[in-house]
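The same chain A turns up in both complexes below, where it pairs with chain B and then with chain C.
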Partner chain A sequence: MTDVDVLSEAFELGFTYTRSTGPVMGRFLTALRDKRIEGIRASDGRVIVPPMEYDPETAAALDEFVEVGQEGEVMSWCWVSEPRRAHPLQQPFAWAMIKLDGADVAMIHCIAATDEAALHTGARVKVRWADEPRGHISDIACFELAGVAP
Partner chain B sequence: MAQLAAVIGTGQTRYKTRRGDVSIAGLLREAAVNALEDAGLGFEDIDAVVIGKAPDMFEGIVMPECYLADALGANGKPMLRVHTAGSVGGSTALVAASHVQSGTFRRVLTVTFEKQSESNAMWALSTPQPFAVHLNAGAGGYFAPIIREYMRRSGAPYDVGIKVAVKDRLHGARNPLAHLQKPDITLQEVEESMMLWDPIRLLEACPSSDGACAMVIAAEDAVDSSPRPPAWIRGGAMRSEPTMYAGREEVNPRAGRDCAADVYAQAGIRDPRRELDCAEIYVPFSWYEPMWLENLGFAEEGQGWRLTMEGATSMDEGGDIPWNPSGGVLSSNPIGASGMIRFAEAARQVRGDAGAHQVEGARLAMGHAYGGGAQFFAMWIVGADKP
Partner chain C sequence: MSAQREIAIVAFHQSPCQASAGAANEVELIMPELRAVFDQVGLANAQDVDFVCSGSCDYLQGAAFAFVAGVDALGAVPPIRESHVEMDAAWALYEAVLKIRMGHADSALIYGFAKSSPGELPIVLSQQLDPYYLAPLWVDTVSLAALQARLMLDAGLITEGDMAEVVKRSRRNAMTNPLAQLAGETSVADLLAKPHYLSPLRRHDCCPVSDGAAAMIIATVEQAKAWGMPYVRLSGIDHRIESHNLCLRDLTDSVSTRKAAAAAGMNAGAVDVAELYAPFSHQEIILSRALGLGEDTRVNPSGGVLAGNLMMASGLSRIGEVFQRIVAGEAGRGVAHATNGPCLQQNLVAVLEAA
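Here is the complex of A and B:
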């Protein structure tokens, strides 16, 4: 039996796209550019941040925007001790579920903290804005523990 | 089928080059809400949702059905996505119909869409692969040689496609939802438009559109919510074959002939030209009208172009079998939705709901879609009369 040279070759495939955010996510992102955070009121009265276009329970189109606070509470977190290049922060940090003041659900973002011991459920955090906000979720550069000097 | 099913609501967006004002979810939502309103129903009345779109690479969203569940009121309900290239709008309608015909669901919402302004539909069709020459042809480049072979075999005059291009745009000018609005189009204008893929000129090709189309399909005991009469589904069929194999008949694909024979048998049709009142047939490039006239048995092989040239398919010439009263794919082409638009427009005709493009007295109509390398076919016949 002779050896067969089975050929293989790596290849890349990529295309360019456009994405239209629509009136709800578009408004949320535009508000970030102005250093404000807007949620939306769901059919059951809860304020959802980031906002959703359609109610998760009733499917109704949602349009009652509610500005929420720039501070909030840590619901849960996961410490990243060795950040990789694609991570938003290059020092050890936490991914966290953060419930902003005035919101009824948590959103995921990152917290810059000196070490894991500084974090706990219920810890208060506040937004650190990017130097040049542009209408992108990374306009919130990260959250920091409230009352702690950076 | 165990149970009768009927279209009780249709909904469409206006078709445009770009709908930058809405998200993809918002685009579908418009069509879905329009269909529900037409059916006299709300999202809470719907038992299952079936969506369809062209390949994921077109808009770069993998598994759009997950992202779209909220917008379509599908949370907590069965939701399925259908995927058969350009024919997907038709096959999605048939899957939704079978959900009802099987007796499993009473009312199904079905929605298809494309936001071509956000996509890369042209080149995502023919991707480079290792160990193969990259065709990079796009749809027109793929179909042009097949059309040339049709012209050679049939001896059709060079301007048949030009006539179809004018006819469908004049039809489209009657339809306020149509993307291209060209009420003053002339044969000369089409002939002088840029040659894209010989023999397909710019105005013999479909546009790139943003848009969505939706329908509500209901069981026999649930058709009364709409103030309009139901469009009874009299037959539905799908067929597919590989893109390429030795000896494949590409001009007059067997899958299309077999699919038509099946759907006609279900509906009891022997002579489609005589028995149908109109048809909405997937014609993205003008010459596909004469080619499908033959493939679908409206004309003998080699003779389809004569019907076109005689005006048989034209509303404006008083033709006996109008094709694409809505303006067809040549007037609006949100790819994933284009097949369902054909199916929904057939339903609109037999419900007397087609406005200025209504074929007077239409009681039996055909919807048709094809996709891939003319290898996936989906067809249905809908009627005003309950079978």
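Here is the complex of A and C:
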């Protein structure tokens, strides 16, 4: 057998257009750049974070923004012992539903923790900001246990 | 709209659930299934039905409009009337049912296919999520299901033993299903002794990745009789969707499944058999409860998708499984369920009855 030349070419699947994120998501993402978290008040009074553009029940356009806290409570979580290459953390970590202080609906993000035993439902967590926020959901680098030295 | 036109299912076939179809491409996965259903009815090819609809996901092939390549399996010359849904083929069936009920067709071929093995399926499926808040985090479908399972465990709605019981029954039922990928005798104790994979899920709580395809032919009852085929009446079909915001949903219940079942007329009679598209063990419990299934109903006698999961075709296969059991005389009336999206976001329920 002689060596076979394998033809290969990098292929990146992408849609090379840009679009505005609009007045609701755009405001949320811009606030992240300033290390603030804004939710939106739904017609039933609940504060939803990240904000939704339209009311989940009435479909009315929503525009009452509410700044919420940067700490919250773990409502559910799972432990990723083998992170995938695409995941935001490459050490074992948790995905979680986190209800921020002042919010009524949880959000999904990741938690950096030393091991599975360190976490439990109801645990208090706080935001760890990215070093250089840019107006993107990943400006929240992850959450970490509140009251635990990093 | 002649909504009263009755729909008959006349043929169904699916490929074995294989962990990898090797070098076979999508067209090569589809063609044997089409041939099988054509032969069941005695048709030559796609020219002999009025309408064709398929279900697949371009993200699995990694190219826009990849589904068009699937049409190569049909031989669409001279031109045929054809459509596609970027969903499980159970929804392609739904479109075909509407087409026939509206009087625009008397017969239809439906197929679904996927070759999921080459990619990293849970990561590919993460891109079906909210494109600004979740997709950029690449939160995968298995992790989301694990969050759902934890909510149920914390609320005391299930135990890990209940989840293992579902897996044990799936593996056992699959022993009589030659198309299954995972089958065998096991015990709850053995399953619980296995380590967690994505805690609180164990690997066996998650359906395997499978390559393959499935196909079905439906028609008006008049057309089915003209073909001289034994048929099963599709007496009801409905689908409902819930919010894309997972945290706004009650993930411990399936409201959309219950609504779809009511609209499809499930409660008008006994349910002898139910095939539920539950990619995770705890989801079978959610679905059984949402549908109110009791001990008189055989749930997932095929083993369900925990025994083999043909992406984009398993929903259609659930309907096909119930069809085959009614044709075989094992059941008189059954329910089939299909799902799309994370944590049972969108659900379809079909009711099948002996002719």
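Here are some notes:
We take it that the second predicted complex is superposed on the first by the 135 of 150 C-alpha atoms of A that agree within 3 Å, B and C clash if a C-alpha of one lies under 4 Å from a C-alpha of the other, contacts with A are read in each partner's own complex, and residues count from 1 in each chain.
Here, contacts are C-beta pairs under 8 Å (C-beta built on N, C-alpha and C of every residue); 3 or more make two chains touch, one makes a residue touch a chain.
For clarity, every value in this text was computed on a predicted model and none was experimentally measured.
When the two complexes are overlaid on their common chain A, residue A:Leu29 makes contact with chain C while staying clear of chain B. In the overlay built on the shared chain, the residue A:Ala130 is in contact with neither chain B nor chain C.
With both structures placed on the common chain, the touch criterion links A:Met107 to chain C but leaves chain B unconnected.
Look at A:Leu13: by the touch rule set out above, it reaches both chain B and chain C.
When chain A is checked against chain B and against chain C, the one touching more of its residues turns out to be C. In the superposed pair of complexes, A:Thr21 makes contact with chain B and with chain C alike. In the superposed model, A:Asp55 makes contact with chain B only, not with chain C. Touched by chain B in one complex and by chain C in the other are residues 13, 21, 25, 52, 56 of chain A. Chain contact summary for the complex, chain A toward chain C: residues 13, 21, 25, 29, 48, 50, 52, 56, 75-81, 84, 86-88, 95-97, 105-110, 116, 121, 136-138. Residue ranges of chain A in contact with chain B, taken from their complex: 7-11, 13, 15-25, 52-59, 61. Those residues of chain C that touch chain A in the shared complex are 62-63, 120, 122-123, 126, 132-134, 136-140, 143-144, 146-151, 154, 196-201, 243, 245-248.
Looking at the complex, you find that chain B touches chain A at residues 19-26, 29, 43-44, 57, 59-60, 70-73, 75, 115, 117-120, 123-124, 127-131.
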